[in-house]
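In what comes next, chain A is part of two complexes: it sits with chain B in the first one and with chain C in the second one.
This part shows the complex of A and B:
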């Protein structure tokens, strides 16, 4: 792939990443020698079918990989603005904790279950913000409504409990928490899977807004090529743990270089009025 | 031939914060399901549209606040014990969550044996077991791989297929499937839908398939009803509803499917209000070209 050239506009640079799951039937290489870079301010899509290694890639980058999975080779250089680059695979404990939320945040799959059911939404914001940026304590009462506004939610949501919110609203609350501390990179793993199409559209709209209005860099993992076509700038296609294609989304859809990419695009049933 | 007929079914719930203290989940639902010819009818709508309420009403789990549901001309809430057993035998559910329908303390065999015993499907244990194995086979499960296991030892797709095996044993005239595939991944989802299509073809089962996923509806074909805010707003053959939707809500649903073409991005925006209902910025919506 030609886009592994390091530059100062690169937020994240993955080199030769290899993740292996040990099972009693031998080792399975879920990510196999992957090179990829994420440019500041872009929305990068990661496409691929179930089992292609997309989610494993995300959890490995975030250092959330659990045994029997382990990183067996490679480096992940992360360049937060105004700080020296770090290899995410080499740091531990406190160093990692400081980076999380403030420089690198994660919007998980099924974030329905990611909010604390017995805390009001505003207290969940408070937790994250005070932990990582205690100096903002005074500004909280102004900050929380503004963050909710960024994802199209009313200020009164702050006083609600998670059970009072719909699935799409919970997902947007999580998006707002993810960007609360203006991280350099947000990794979203299947952010709209299992949501209704209309809610999905609103979520995609909000993700695009976050980038347009606040310059958030996003890595969006999805099996749905439709999501990539609607949202991302560049798309990277994974197949059996390898990257088979990376490029401008228009280019990839118009002229896929790999037959697997073509299959992924063609596998979407064309329906509705826009299909002809 | 059997017929389930809904006539003006309305379901209200007590709810705080609404003007009159009630929330109307379902308004004036009127439709029929027939066993001849067997068909698949999808009911599509978003969360909170009332689609699961219809399933609960038809299954007799919730008595509607107005209207009637009849089975072969008899109100299902006024059936005798024997008639009700017959109704339950002929109208079988599949639910969304393949985790919560099993009692974790019992082996999965139990739900199958229960069906054999409750409905007297087999005269003895040997024949019962043969029947169970045949039905597991019909849903592409290996009897040796699932019998004797506990629910947590099976995957979600396997558990959902056990419920289909149960249906295969009972051969009901109707299957009421409430979001049965929304927790399954794409490949397993297809297997599940193919089994339902087989059941229609080979055993003449009519299915009411409740979902929020339009691509599933498209795959199944047959008929479709679109429900929005408790009202059925459009109905017809899948092909015609998908290609020539007449109601603005159906148009909005179809327009919100992300098209796999970066040159055809959405140009208009939609809003979701807090009750989970949508209004397009500009109604009626023009196709985005």
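This part shows the complex of A and C:
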């Protein structure tokens, strides 16, 4: 065990990741030689403008990348607790399927259609829990209201359909589902986008609570520097498929090393200052 | 009301918070029941309207059915004199052709609704038209109904898998085959099947509904014979019908596969079969349920050729014979049957859809 000691607190290690989209005008490299590590228990923010490759990075790590996108180089070593490390890019089929959700889970943007419109909320909890942890069948009736309560939703939401929920409620349902199996890593793709600012604040608070209560490791992808300032421990700034800066969020905000990071920080609107 | 009644009512009213008795408040508390009731009322109006239009439409057909009947009787030497005015009047009364068209209409609707009586059939006089129809109806429902359900079920399953595995060789073959074959007419496929299985191989019979040497009844021999005789006409309907359903199901399936909830289901690590059934198919098969209800109407008029070709004693054959002989009561009766079954099927589907899709709103 002693030799794994230095990597024990690293959940995910990305080395030289390259993701390419084939188009009729040639290949476009969306992620270009990216190195990144995620420490256990931290909230890591990925910042960057639209088209910087941050969402492509998320789907590549989740193995949800669809053609014409493909991973062209690199490795992603994932170390779930109590299991041997795996290269996420090398596993397929069943091996990947059993790892999903129980170890590697996903929090999509709530304004997307991620909830199945014809299934009750409780059934969308039930199917994923029973798939990976069938022994919890007896505890479901207690577990689902508890998870909903964790994100500030009433138990009756379980009996509702997605179209009966508001955008903020949907986002919270997705948050409750993503921690249902206490995963090692949650990749959140724009969890506050398309919500109004008051709800954004509640969502950010709930995410921070989830880390406190479940000890979950979070990777939060957002174009909004305000989200990173409020929520994350470390922030990684992406620009044109590359990481330009990684560091402690306070350090980065106080003393940005890269000119692009400075521009991003300056782009946060402030009260009492005219937009230039 | 006795004097004791009002206090009892007052106690009841105070026991519950605000419920008022009567249909209206009850309906406002049960939107599904209110919807069902409203939809049923609409159904009755539609039924009445369609039956009325059918009645007046068929009365506009040129030709004198009574003259045709008398000619037929004369040819059969039953009645070899010139028909007297009295005889003609008696027949007109019997067939509901006396009086002006509105008295005829009232009499017809009265007999139809209160007695289920369609009037005598001209060619099978004096057998009532409803008996003629009821005699051939089981054959049509048995052959066309079962074939239609089989074609639908098969089409949904194969189409869903073809959509799910789009881009794969097997899916491409099935899709292109469906495009090619879904619009080939029934009778063409039927002719090929007859040529191969009945004529060349001699395995299956190509005419009639059962072996005439076996007496009809619930005997294993008779049922076996019915199945054997129904195989070729049934197969021709299933084959062509299924290709149409495959194509439309695939078409509905493909856009659903791009939905966010399918990506999410994949991220959840669910088994592929479960994603296909509970996430993809569950979200795209509703239009197919509606389409199936509407297609039931074509059982009554669309497959006449199949019945003709196989000399099958179903409703299609009855209809064609009736049209040839100007047997207007039977023609109208078959039309009424088709109206009734299509409207009833659509009614049942409308009542069923809110249960199948939670997004369907049945209240205003």
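Annotations
Everything that follows uses one rule, which is that the second predicted complex is superposed on the first by the 262 of 276 C-alpha atoms of A that agree within 3 Å, B and C clash if a C-alpha of one lies under 4 Å from a C-alpha of the other, contacts with A are read in each partner's own complex, and residues count from 1 in each chain.
Going forward, contacts are C-beta pairs under 8 Å (C-beta built on N, C-alpha and C of every residue); 3 or more make two chains touch, one makes a residue touch a chain.
Not measured: the values here are computed from a predicted model.
Partner contacting the larger number of chain A residues, of chain B and chain C: B.
Once the two complexes are overlaid on the shared chain, A:62 sits against chain C while remaining clear of chain B. By the touch criterion defined above, A:132 reaches chain C but does not reach chain B. In the overlay built on the shared chain, the residue A:97 is in contact with chain C alone; chain B does not reach it.
On chain A, the surface touched by chain B in one complex and the surface touched by chain C in the other have no residue in common.
Listed in rising order, the residues of chain B touching chain A in the complex are 46-48, 182-183, 185-187, 212-215, 218-219, 242-245, 251-266, 269-272, 274, 276, 278, 287-289. The part of chain A that touches chain B in the complex is made up of residues 49-50, 152, 154, 166-169, 194, 196-202, 204-205, 223-230, 249-250, 253, 265, 268-269, 271-275. Across the complex, chain A is touched by residues 259-261, 263-271, 274, 278-279, 282-283, 357-359 of chain C. Residues of chain A that touch chain C in their complex: 62, 64, 96-102, 105-106, 108, 112-120, 127-128, 131-132, 161, 163.
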